[in-house]
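In what follows, a single structure is set out as structure tokens and then discussed.
Chains: A, B and C, in written order; residue numbering restarts at 1 for each.
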Amino acid sequence: MKVSVRFSFGLAVLLTLAVLALSAPWVAPHDPLEQDLLNTFQPPAWFETGSRAFALGTDSLGRDILSRLIYGARAAITVAAVAAVLAALLGSILGLLSGYLGGVVDAIISRLVEIWMAFPPVLLSIVLAAVLGAGLHTVVIAIVVIDWTRFCRVVRAEVMVQRSRDYVASAVTIGLPPMRILASEIVPNVVPLFVTLLSLEMGIAIVVEAILSFAGLSVANDTATWGSMIQEGRQYVRQAWWLMALPMGCIIVSVLAMNALGDGLRELVDPLSRSARR
Amino acid sequence: MPLLAARDLHLALPDRSARPLFGRPPLTPILKGIDLVLEPGESLGIVGESGSGKTSLGHALLRLLEPTGGTLLFEGRDITHLPEPQLRPLREGMQFIFQDPLSSLNPRHRVEDILAQPLLAFLRVKTRKEARIRARELLERVHLPAAFATRYPHELSGGQRQRVGIARAIALKPRVIVADEIVSGLDVSTQAQILLLLKELKREDALIFISHDLSVVRVLCDRVLVLQQGAVVEQGPCGQIFARPQHPYTRALLSAIPLPDPETGWIDRDDLPVEVRP
Amino acid sequence: MNPLLSIRDLALRIGGQPILRGVHLDVHAGQVAGLVGESGAGKSMVGRVVLRLQPEDAHVDRGEVAFDGRDLLWMSEREHATFLGRDIALIPQNPMTALNPVARIAPQMTDVLRMHMGMDRDDALARALESLHDVQIRDPERVLRQFPHELSGGMRQRVLIAIAFACRPKLIIADEPTTALDVTVQKQVLRLLKRLQRAYGTAILFITHDLGVVAKLCDTMSVIHAGRIVEAGPVAQVFLAPAHAYTRALLAATPRYDRPGEALQPIPAALTEQLWNEARTLDTGAA
């Protein structure tokens, strides 16, 4: 099967990130927390004053940026995978039931979503952080709690469109029970949309983690995340712009990769868009 | 005993455009007291223009919609308000062919899976492998090559898709098939092929053929029922109705058909009765 | 007399795939010319080339499209635009999508008049009212204030006919204008079209798949298959003595309520194959 360039790009970037995150203790040249106060604000190695020992330079405490970026990928990947998948599953299941069953179930779920969406998300995450304490698990929970509504609404709308299609009626005429119809007729038609949304959500999750880190609501300061690196780098942006630019670059590339992967995956699972490309 | 009988059948559907802010939308009457009888092996044409309720009648006769009044008997059994679980075993005796095969064939399933579905649902076959073999036999019966089994619906032409729709309907050897406008989007040459196929198949089953095209009904059906705004204006044997239409609406429908004979006077003749003027 | 629209040897490809393979077609002033064929025969493309509405990736290989003695095919985009709406108008196929859903009927009718006829707002509005009156719309003032979705399919098609005739064009291209309509509505719309056509002496190129409509409406007709005209002539002649096997096959495949005894005959596969082979030899000859 022909695979698009975008898909290969997305897959390559994400696989690299995953491998780096998993093998961080072995591939990182330094301990990400190890301070070297004699070598603070080292620029990346390709600068004239750069040093071979720190390929991407050091921060205000002389910690190795490359190592911190690699450890930061761990947080990013965890959040992207766990939070996005949980939010997607929770929202989609509620959306499926809401759209397919209609009636009272739909009314309850829809009102819940509306009330939920009226609640300011930042406030919600601050409250959560206060209750649960800062940490990666708080970020994951905050993303799930805030973003399930997005899946719920979109999936519900799509299910309602699909439910009115004749192939659902024809599944009734051949005697399939309701849950079988949901599983064999409707779900496969919602999957491409789900995949697209999920890939977008993974990108959003990485960004949200960075924002929460930036606001100091994510992990404790001794763990390296891209968000906390941006937050620290911000103070020294005049002396050492790369402190901020490098983690930002990481975020941009991984979000792009996730979206590309999502588009590619949708083409793979969707016979319709496959032939449209031909 | 008639195969299918409707007595004073009424149907009302919620009018979503007039939905109030709270509560249920008002009901609009669609069918206003339909009487009809279908004998085994017979073919009945239901003719009407858009808004006549002919498609809703087809759906109500096979209980894809629940009538709001009157009685509906299938093989002598009252199915007017029979709940879906009790209806399900009867569904193998009544099949529907939908107007638009592109929307009635699930775009995510291959042709063989679409054809296998009813066979598996009613345990006519035990294994998937057996179902696939039967699917190929069905394709042969509707004069499609067996190689089409592994294609997706959107990879077929309009006429081929409609044949797949027919194959699915005859898979269970039903007692009655309702075909809703199944040749209306097709070219005359494809239409002629499908009509001949239906003629070939109808020797076994009773057929209700819903159409806006009186010429097609004349070619295919034994009896015809003319529907106008949810009520039967005239029904009887085709020979009689077409030779001596009694109701002005039937006469108007017939005279509005442009026959392929050059005739300059036809276009200036204003023979529509006042009550059917658009 | 010279034809108003004369298409000579028009060949067109889309993405390398031949769609038209040397079409010859004449439309005389004040006459209705039918172009009849099945889907994929290229009949709509002929109308689109005249209107320059062919898709971006379409490539005209050769041919001539002369309108009133001027070649439409090779003139500049700007020059061609002066003909559209004023001298040549279109009645589109789908009345449901042809009108802008978010605009009222009035501006959709007056815009073309103000642009092509240089009318001011009041004159254009007066002409729009007159045009709606022409198509027998009972309450034209009200219709002008309405949105397309408030009108029935038949009403919308009448509005589209009114728009087409509003500038009193010499030629109207009607692309399956009644296909989506009920048969009784179709008859009303066809009657109307014929009446206006006679009143204003307009020529119409009527594109359809329906032989019946051609028989009742048109003066001359052309039968198109695989991008070439297989038969052309006066309607009476083609129907009474069809010269080409494909025309005869089309007639035999058309069901008729008045002749139930005649067995319906699909177009023989051998004939279709032979026609496609002939068409493909044209491609290799041209390449």
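The rule is simple: a residue touches a chain if its C-beta (ideal position, glycine included) is under 8 Å from a C-beta of that chain, and two chains touch if they have at least 3 such contacts.
These figures come from a predicted structure and were not determined experimentally.
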{"item": "Chain whose average C-alpha position is farthest from subunit C's own", "value": "A"}
{"item": "Most extensive contact between chains (C-beta pair count)", "value": "B-C"}
{"item": "Geometric centre: closest chain by C-alpha means", "value": "B"}
{"item": "Separation of subunit B from subunit C, taking each centre as the mean of its C-alpha atoms, in whole Å", "value": "32"}
{"item": "Between subunit A and subunit B, centroid-to-centroid distance (C-alpha), Å", "value": "48"}
{"item": "Distance between chain centroids, defined by C-alpha means - subunit A, subunit C (Å)", "value": "53"}
{"item": "In the complex, subunit B residues that touch subunit A", "value": "59, 62, 64, 84-85, 88-89, 91-92, 94-96, 98-100, 103-109, 117-118, 121-122, 152, 154-155, 168, 172"}
{"item": "Residues of subunit B touching subunit C in the complex", "value": "49-50, 187-193, 195-196, 212-219, 238-239, 242, 252-254, 256-263, 266-268, 270, 272, 276-278"}
{"item": "Of all residues in subunit C, those that touch subunit B in their complex", "value": "38-39, 152-155, 182-188, 190-191, 194, 209-217, 235-236, 239-240, 249-251, 253-258, 260, 264-267, 272"}
{"item": "Residues on subunit A engaged by subunit B in the complex (per definition of touch)", "value": "165-167, 169-177, 180, 184-185, 188-189, 191, 270-272, 275"}
